[in-house]
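Chain lettering (A, B, C, D, E and F) follows the sequence in which the chains are written, and residue indices restart at 1 in each chain.
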Amino acid sequence: MKLVTAIIKPHTADAVRAALDAVGISGLTMTQVHGYGRQKGHTEIYRAAEYTIEAVPKLRLEVVVADDHLEQVLTTIVEHARTNGGSIGDGKIWVTPVETLIRVRTGERDTQAL
Amino acid sequence: MKLVTAIIKPHTADAVRAALDAVGISGLTMTQVHGYGRQKGHTEIYRAAEYTIEAVPKLRLEVVVADDHLEQVLTTIVEHARTNGGSIGDGKIWVTPVETLIRVRTGERDTQAL
Amino acid sequence: MKLVTAIIKPHTADAVRAALDAVGISGLTMTQVHGYGRQKGHTEIYRAAEYTIEAVPKLRLEVVVADDHLEQVLTTIVEHARTNGGSIGDGKIWVTPVETLIRVRTGERDTQAL
Amino acid sequence: MPTDALTLNPASTAWLLVSAALVMLMTPGLALFYGGMVRVRGVLNMVMMSFACLGIVTVLWVLYGYSLAFGRDVGWGLIGNLDAVGLHHVGKDSLIGPAHDAVPVFAFVMFQLMFAIITPALISGAVADRARFSTWCVFVALWVSIVYFPVAHWVFFFDGGHGGLLGDRLGALDFAGGTAVHTNAGAAALALVLVLGRRRGWGSVSMRPHNLPLVMLGAGLLWFGWFGFNAGSALAANGLAATALLNTHVSAATAMLGWLAVERWRDGKATSLGAASGLVAGLVAITPACASVDVWGAMAIGVIAGMVCAWAISWKYRLGYDDALDVIGVHLVGGIIGSLLIGLFATSTVTSGASGLLHGGGFSLLGKQFLAVAAVGAYSFVLTLALGFALERTIGFRLTPEHEELGADLSQHAEAAYDYSTLRAHVHRLGGHEPEPGAWGAASAHDPAPAPPAQPPEEPS
Amino acid sequence: MPTDALTLNPASTAWLLVSAALVMLMTPGLALFYGGMVRVRGVLNMVMMSFACLGIVTVLWVLYGYSLAFGRDVGWGLIGNLDAVGLHHVGKDSLIGPAHDAVPVFAFVMFQLMFAIITPALISGAVADRARFSTWCVFVALWVSIVYFPVAHWVFFFDGGHGGLLGDRLGALDFAGGTAVHTNAGAAALALVLVLGRRRGWGSVSMRPHNLPLVMLGAGLLWFGWFGFNAGSALAANGLAATALLNTHVSAATAMLGWLAVERWRDGKATSLGAASGLVAGLVAITPACASVDVWGAMAIGVIAGMVCAWAISWKYRLGYDDALDVIGVHLVGGIIGSLLIGLFATSTVTSGASGLLHGGGFSLLGKQFLAVAAVGAYSFVLTLALGFALERTIGFRLTPEHEELGADLSQHAEAAYDYSTLRAHVHRLGGHEPEPGAWGAASAHDPAPAPPAQPPEEPS
Amino acid sequence: MPTDALTLNPASTAWLLVSAALVMLMTPGLALFYGGMVRVRGVLNMVMMSFACLGIVTVLWVLYGYSLAFGRDVGWGLIGNLDAVGLHHVGKDSLIGPAHDAVPVFAFVMFQLMFAIITPALISGAVADRARFSTWCVFVALWVSIVYFPVAHWVFFFDGGHGGLLGDRLGALDFAGGTAVHTNAGAAALALVLVLGRRRGWGSVSMRPHNLPLVMLGAGLLWFGWFGFNAGSALAANGLAATALLNTHVSAATAMLGWLAVERWRDGKATSLGAASGLVAGLVAITPACASVDVWGAMAIGVIAGMVCAWAISWKYRLGYDDALDVIGVHLVGGIIGSLLIGLFATSTVTSGASGLLHGGGFSLLGKQFLAVAAVGAYSFVLTLALGFALERTIGFRLTPEHEELGADLSQHAEAAYDYSTLRAHVHRLGGHEPEPGAWGAASAHDPAPAPPAQPPEEPS
């Protein structure tokens, strides 16, 4: 099994989730994060003090998938998280190996737990 | 070493932590996350606009453990994160391999860093 | 490729980021988390009810790095996240293997995606 | 009671109009004071329990409440008659009050209505997070009808000795509602706490206030509005009103200091929640006494109320009742303290009449005060207990465990108080209809249709 | 209009001073009411749209606005002359009003100014999140000049039959601004919504209120301030003011209940946003009518306004216009309802003059009310539409998609409303200068230089 | 000074009672204004620094403060005698003021007390986040005793030429406290900033406001309350009060515009924090002048104050002092501007006496204004510096680095302002006792014992 972690722009989340749902992936976990990278942040001013906020709000998706679904999931996310045919800051996806997956409710393991 | 990531219901966190403490695991990291899956969210209404909130608030626990503690930790979490003998949305646990662990304070590595 | 996850004290974040930048790592993802461990939390009192807050606010850094940058990144983080030459609660760093990295914007993979 | 040979005093009228407005503001102030003190999942429900009173009690007051409270007494000082039902016979030129210092009846109706509104709202803090909102609304309507309206008549209706039982006939002093409002609400809170029981997880999970700046704001608005409550009760802009104003302020200030002193000594820290709680305790305690004592009396009442209430709020942990926001510890205890201390500190230089024990008036006044407190407290407690149990047994008063766990905001109002996040929700139905795509064109998250004359959308972030 | 043989009534003056203060508070109250209702990225911009009115309209009012609205009529009741430009000839002892019940002109100037401020502020809710702030400021200045000042003259300027067109000459009743303020602002809101179009993502992404306790606070402050708005319009502390006060309160309360009843029936839940919306609808509708109807009329107006507005706010989803915070559904609809219902419910016992249809006055008053509403609504809509399009075509009114997506707070004000986080921002420039290290020594995140006499820094956490 | 042959003016009394209430609200308003401006870890401490003044100053005022400030002068106009200690000899019927326009002494005591409360509260913003709360309380008590009470006597005590040094004897004009309140607080702030030094990390870490809607709310409440502050200082409901009211409003509005103009030009954006700051600067500057200038003078003062203060707040970055919330830049600078500009803009049509330079009064008034400002500023600065250092050296004034890093809320009050999270805290001790399991049965996070008559618990989510 694999853990797919995707950092995406917040406003693409609905579309990504809908697309994953369409390929049969309905379970996932989402975290609000701040990203740093090529995409620039913004400037704020408070009583003549200027702050450069480099962090950009992002969402972090975690999806555990069976090995044979991996490519499909990756393609789906890339496709729906991309904005305007690809803009700076659209995000990153990385895949890490999962040794065990457990469903707390039942104690089922691995693919049964999906 | 392994990284155990558990998505649990927020109100079970105290019990899970206490139980882990009892088996000698006192260090962990917790994140507020939103989960999607079988468990349904809720509906909100604002001036005649109805919103379906599919996200369910969850907590994400990360515990790095030595290999020989792994099973005990998994069992402990499953046992204490389960509600009413197992309800939908009780959560997931996954295990990923950790190649190195470092304690920032000392620079110690791997099991010494636990 | 490796995923470096570091749990650090929030007020060291600027310095850690600057130092990583200096060694050529400008992309990373940050999450607000709560840590439990040796470092103690604090006490709050509301109308005669005393609460022990064991959670300590931390930041969680995620950096995907090429294998040959790994050691440098680890050293850099350790060096700049350490406070007063090492205090309790300075944090942990762990390394997990990454099988694939994708840049959403372009679909590029692995080192090209960095 | 509008009579004919009265002359309007425009200055008193101005002050009464302002006072009514000030007291009105107390209910939203209370809503925020309470709302900040609950967990994040119950704040709107807490606020709504107060706003519901603004709606329901207003209607009942116009229908029959004013008449029951301030209509001519039907006998024994127990309740008013129905002459003023629907504010019948009252017109814009109707006056009430002393011959040359009268005010429009409508101003008086409005001023007293504000008291009728905030009294049930005060109760709500005790049952935070676990009452069904619809049952709460029914409770408010019934409670003011059978408890508040009669009690207001007992205490506030004066008619030359033929008025209310406790004020006009017995001669107990309650200038602005230490018995009718605070003892009354506090005793009712105690009853409801017994009816509804403890919140799930009480004593084991954190129930800390979710927004203390909101609590401080609420406390500030209460302090401000209370000037209308107490000094406005003079129904005139004179020295008595000024005395009530100063005493009210002094008691709030000293009670705050008293509460903070207890906290500092007991808990090691003086807290902002303690400051807010203390000042409210001082305001509660001076309410009946503000026109009976001098400034030293006000100081004494403030310090005593602040310290005793700071101590009283911890009883619940020992006795095991979940008075969520300490309505009993602050309003019942504070109301009783203030009402009884009149028996000690009242001075004829202020009351132009009765004196308390410490000013040579003997035990007589103290006895009357005790009777008044006991009568109001017992009546309110017993009727509220009966009413509460009746509602719980019939339509159900306590939330189901599912609804309580989900939170009163979501389960009772389908709302969440805050949304600071960048996560999005799926829109399901708008204005009672499934969204019609045609209505806003091809609008979607990815391709929002800009209305003319907006420029074509791009993806900036 | 200051004349000489007038005597100051100090009580009326006191009440008018207070009323002016109360109405002033409504604009910050509105700012928070609106601010809480938008998404987190637009709250400050929403607030600033109201505060800008406090600045801009004040200056214009002193310069020429007061004169245009309340200067002697130039003919046909259309606009005032320029005699009072710059408040010329008005001094601290100038009086205005009935012979023995006059008030200082400055108090009247101030009171009426508050109406001129809040009217454009009301409009802002309709165009939340998508208007350029600088263009908004220009819009406000032009809009009050060509729309509000004339309309206020039509409605509020009385001069023995030689005053304003709709009030003094036609005889339409509008005590405190159902036409001049609410119909006016609502019609302008409709025009601006057509000019600016929908927010990006409207109908597909969540636009839920980000802070409902803030909305409730704003609603509470509005309710409080509205007492000054309506009862203050009596310009005297008398029975009429008391009547207006009570009617205002009753209408707010019943409209809140009416709105909640619709929600309960239609959506299954009574919401806090519904309560806030309903009470505002009731306040809007009673504004013109508060000194024309009895308490039963106020109740009827409240219930009708609450229920109709609750239903009206869902039209936008069907018709596809994005009236973001329902200025049309609440202020236009509510203003029209209140103004027309005077034609039904007005009673000579309160008006000391005209009666409505249900009190035997025939259709005459109803006709006048209809004319007044139509005139104000049409005038405001047409001029606002023209003004809005002119601004959009010239200096640009709508935010660029980039700025809208970034949020109006960041793009228009370089600010974010809240910072609860532990993340840090890099400080770039301070006080208009690059930070000079020398200025604060070796200050850095890791080695903050404590100023004497502070102890040497350590790293505690 | 209560004398016998006075007649109460009820209208003036009504206005004074209301004004006292309005000024009271300013202190909670200030608490929120300041509280929103600090980082999230210090908001409650900021709020408590203001609320502490409400408690402490009230007690001292009754004990001896009123007597020192408004007791008969002991000579040279420096301080009042002790005749009114403990409000001795003052009763509910005691009057003060002009023969036929007197008000209750208690109303005056209360009104002036509000000034004494807010003055030290103003200082607190300068030392945000780094003062020990207990030392702050001691500081407030000593500071009002040795600085505020005498200075109030100098400026506000009139006794036919035998009153206070600066007002009654010298003839400097300060209607509502430009010197006694704002210059005074601002100079004290400067002194305390020197005593306490900079916050840790100043200039390198982000110290942006954590809650700007709270700041805007505070600013709105300040604006509202300031009407009582300035117009209430007329002590009568007359044309002078109306003039003060209008001038106050106009200055706030124009100063806000002035500040925003500077921001727009210097920083590129007009910010909401700038609007809030600007309006406060305008209110500060008009405070001494509101009953000395006409509306054009008020406009000029507003614009000048807004622009100069907007520029003044950036000095600190160049000079390296950490005036956290710009008390110096707004209150010291604004107070001086307003006090001096009286010397230019005062007009006899408003003052019924002295005129300023631009209205033909020559340099005389300007000179007096300068003297008054210098005297108050110097006195306050020197004594505060001495007092501050004395406290720092003895009981310690500055937080330890550990406490500062932890945040003033947690370290000084054991509280955190907000809890929006779903994380839970372990309950340790309740009501001063270890939790007794028996008290709430087998209550635990997993098996909460529902109190009867609640249904058995289930796990819904």
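Here is the rule we use: contacts are C-beta pairs under 8 Å (C-beta built on N, C-alpha and C of every residue); 3 or more make two chains touch, one makes a residue touch a chain.
Since the structure is predicted, the reported quantities are computational estimates derived from the model, not experimental observations.
Between subunit D and subunit F, two chains of identical sequence, the interface residue sets overlap only in part, with shared numbers making up under half of the total. Each of A-E and C-D has its own count of C-beta contacts, and the greater count is at A-E. Taking the mean of the C-alpha atoms as each chain's centre, subunit A and subunit F sit 50 Å apart. Between the CA-based centres of subunit E and subunit F the separation comes to 29 Å, rounded to the whole angstrom.
As a whole-number value, the distance joining the C-alpha centres of subunit A and subunit C reads 18 Å. Counting only residues that touch two or more partner chains, subunit E has 9-11, 14-15, 18, 201, 205-206, 208-209, 211, 217, 266-269, 271, 273, 313-314, 317, 405-406, 414-416, 418, 420, 423-427, 430-432, 445, 458-459, 461.
Multi-chain contact residues, meaning those touching two or more other chains, occur in subunit A at positions 11, 14, 30-32, 34, 44-46, 48-51, 54-55, 87, 89, 96-97. Partner subunit D is touched in their complex by these residues of subunit B: 11, 14, 34, 42-46, 48-55.
Listing the residues of subunit C that touch subunit A in their complex gives 1, 3, 17, 26-31, 64, 96-107, 113.
Across the interface of their complex, subunit C is touched by residues 206-209, 263, 266-269, 271, 273-274, 277, 310, 313-314, 317, 326 of subunit D. Of all residues in subunit D, those touching subunit B in their complex are 205, 405-406, 410, 414-416, 423, 425-432.
Within the complex, the subunit F residues that touch subunit E are 9-12, 14-15, 18, 22, 39-40, 130, 195-198, 200-206, 208-213, 216-217, 219-221, 223-224, 227-228, 231, 236-243, 245-246, 249-250, 252-254, 256-257, 260, 266-273, 275, 279, 295-296, 299, 313-320, 322, 349-350, 392, 398, 400-402, 405-406, 418, 420.
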